[in-house]
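By written order: A, B and C. Residues from 1 in each chain.
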Amino acid sequence: MDILPLQAGDWAFVGTNWWILMQGLYVTVLLTVGSLLLGFLAGFPGGAIEVYGRGPLRSVVRGVGVLLRGTPIVVLIVLFFFGVPWPDIGAVPLGGLLPLPAFEINGQALLASTAALGLRSAAYQSQVFRGAIRSIDEGQLEAARSVGLSKLEAVRHVVVPQALRRSIPGFQNEFTIVLKDTSIAFAVGLAELLTRGFELFTQPAGQTAVVEIILTVSAIYFVLTFLTNRTLDRVENRFAIPTGESS
Amino acid sequence: MARLLAFDDVHQAFGDEDVLRGISVGMDRTDVEVVIGPSGSGKSTLLRCVNRLTEFDAGDIRLDGESVTAMDVDALRRRVGMVFQGFNLFAHRTARGNVTLGLTEVRDIPRGEARRIADENLARVGLSAQADSYPAELSGGQKQRVGIARALAMEPELLLFDEPTSALDPELIGEVLEVMRGLAEEGMTMLVVSHEMGFARSVADTVTFLDDGVVAERGPPEQLFEHPERDRTREFLGELDT
Amino acid sequence: MTDREGRGVDIGDLPGARRLVLVAVGVLFWGWLLARWLHDWVLAPDVTGAAAGALEWLAGGVEFAAFTAASMPALAAGAWITVYLTVLSILLGLVIAVPLAVARIYGGPVLRWIALSYTELIRGTPLLAQLFVLYFGLPTTRYIRDIPGVGEGVVPYAAIWVAVIGFTINSSAYQAEYIRSALQSVDPGQLVAARSVGLSRLEGIRYVVLPQGLRYAIPGWTNELVYLVKYSSLAAFITVPELFRAARNIGSDTFRVLDIYLVAALFYLSLVLTLSVAMRRFEAAVAIPGVGSASERE
């Protein structure tokens, strides 16, 4: 075998270029947070409409959900990139406030990727919320109605707080998916973590460090998913409704 | 003065199954009426028509002379409390939180005052020590007493009990019936669907035997239990004894 | 059952009223696609020439439809690769996933730890990064290329095999999680009962736990299949000319990027919706009263 995949010099290459990966990480985090937020803002009402809505509104929400869930994310990203007339915000400067060299990213690619990842996430989050809402016993709503709360009040004070708690595992799942899928913004050249890694190992100096670079990139994703999952576990325990079995 | 609650030829069907086939009964303030009857006789439906958790098809139910169908449904429910067979406590709120929700959101009572009222009503059902417990941390009997406190706090004119002890283990039934007995003595108007014949006998002013969607027999407990007029009533009571 | 191990939820159904139209569209889509694939294999242009002619006639001058019709053959070829990438990978993945899941539940500490690390590492990193490792990082391609027969005749060339390896590894980790949670939902008393009639532990797992557990796993497995169809599109970035890359190529040739991606989206949707329906049928077909979750759905 003439290739030794892991050589000291190649790790040194990763070391000297770590800030490039950190800039990528910055974009990845930005994209993840933005998409999840958009997904929540659109997905939560979406789920409620699927349970309580009726008529054309509900049909539309359902139909759009199926379309978003049935199409590969890479196709959604390119469709949003080429299909939506995004305002030309040019290059977006980033990173000034961190101990990182400031850098710029393609604003339209960022908008398109956030929209695609966010709306697709909304389609999945709506299913999580829908399931959580449906899992709340009908009697709870009846009890709320029988003390005189209107339907909307009953949903807001009794169903929503419980449904949100029950959504945490599903949301955890969704977070992991979105974080990993931000790497697919590679398709429109957005300078997120994996794209930055790709740029590194395709430049002449980096060509022997391919494995090292991708392993580093993968490790960063892994640590991120791991840490966030643990954090969300904590959140779940923190907000758990006492069950009386273990407290 | 109008009767507090009056049923006038109430009909209700689910699909092609007639559940209530012309119910006409009435009760006054401080009355305790217990409805008995075999399962499927329409007892729960009768109760749920009063606060319109079930909308009846025909006839009329009047609360203090006013047709419930003409009233705003939320206003109606503010005046008529309900205690459920399955408790239906809000799982995400403590015992106190279960009681305060209606106070703060429906009666617009400030939080501090709502807490005070809640604690007062929890004390009334003997649960002062459990105010901060979540429903899952309570026994069945305690849950049902929270359910009663929740309904009481709204200061209803009429309290509906839908088989309040049917979901309880036998040893927990007593504590709930005891609370209900106390309420009756305080003069609370109560319409109770129950299988507890001992309770009906000792607390009810009137017992209604509902069978197949009609009132088969109705009267003071001593009469209905000791000298039932109808064979069907006798048969039903006989089944219970064995 | 909240399933935090899974990749999310089933894509769901379109509102009922549109069923009939969808079935009609599905029949058209699949009729044409199968005819096209047949044409590609047996090289009988007359059969599909007529069909394509009819299609173009239907398009009746609507320019988008004409463009769509013109790009159909290339997309069909891509869709074929998408389909066999998916099928091969999920089946090979299943072969790895079953022992992996069994090791997670019934294995000793070492075996359990290995299985856990494997699934966590795979599920904690992006699929695209995994494909990059295999394609750009490791000399996988070279080794595969050296295997006699690769890239000749019907045997696909090296990049496709790299994709199959990547998807197999990735899918095995997810499938293992679905199967694990399904196996765990089988009543432990079943294994005890199996042991008490004299079966060995392994036999008990094989004859009693797996047949029940795998039925529980079908809904999750359907999700996985759907996911793989969609995520097979990532093979485009390691040069595999599957559906998405076929569309991308047409886009860069014709500069009608948006149109072609819309058509590609329709292709994927047709594949995915067809699969969902088919899997639901399958689930109903293998259902045993009291076992599996088909009856629990609304």
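Simple rule for what comes next: a residue touches a chain if its C-beta (ideal position, glycine included) is under 8 Å from a C-beta of that chain, and two chains touch if they have at least 3 such contacts.
It should be emphasised that the depicted structure is a prediction, and the values quoted were computed from it without experimental measurement.
Taken chain by chain, the contacts run in an open path, each chain touching the next and the two ends left apart. The chain with its CA mean position farthest from that of subunit C is B. Of all chains displayed, A has the C-alpha centre closest to the centre of the whole protein C-alpha set. Our note on geometry: subunit A versus subunit C, Cα centroid distance of 23 Å, whole angstroms.
Each chain gets one centre point, the mean of its Cα atoms, and the points for subunit B and subunit C are 56 Å apart.
If you average the Cα atoms of subunit A and of subunit B, the two centres end up 49 Å apart.
Residue ranges on subunit A touching subunit C, taken from their complex, read 3, 5, 58-59, 62-63, 65-67, 69-76, 78-79, 82-83, 124, 127-128, 131, 166, 169-170, 172-174, 176-177, 180-181, 183-184, 186-187, 194, 197-198, 201, 210-211, 214-215, 217-218, 221-222, 225-226. On the subunit B side of its complex with subunit A, the touching residues are 51, 53, 74-75, 77-78, 80-82, 84, 86-92, 101-102, 105-106, 133-134, 136-138, 147, 150-151, 154.
Against subunit B, the residues of subunit A that register as touching in their complex are 137, 139-140, 142-150, 153, 157-158, 161-162, 165, 241-245, 247.
Those residues of subunit C whose C-beta lies close enough to touch subunit A in the complex are 2-4, 6-9, 11-15, 17-18, 120-121, 123-130, 132-133, 136-139, 226, 229-231, 233-234, 236-237, 244, 248, 257-258, 261-262, 264-265, 268-269, 272-273.
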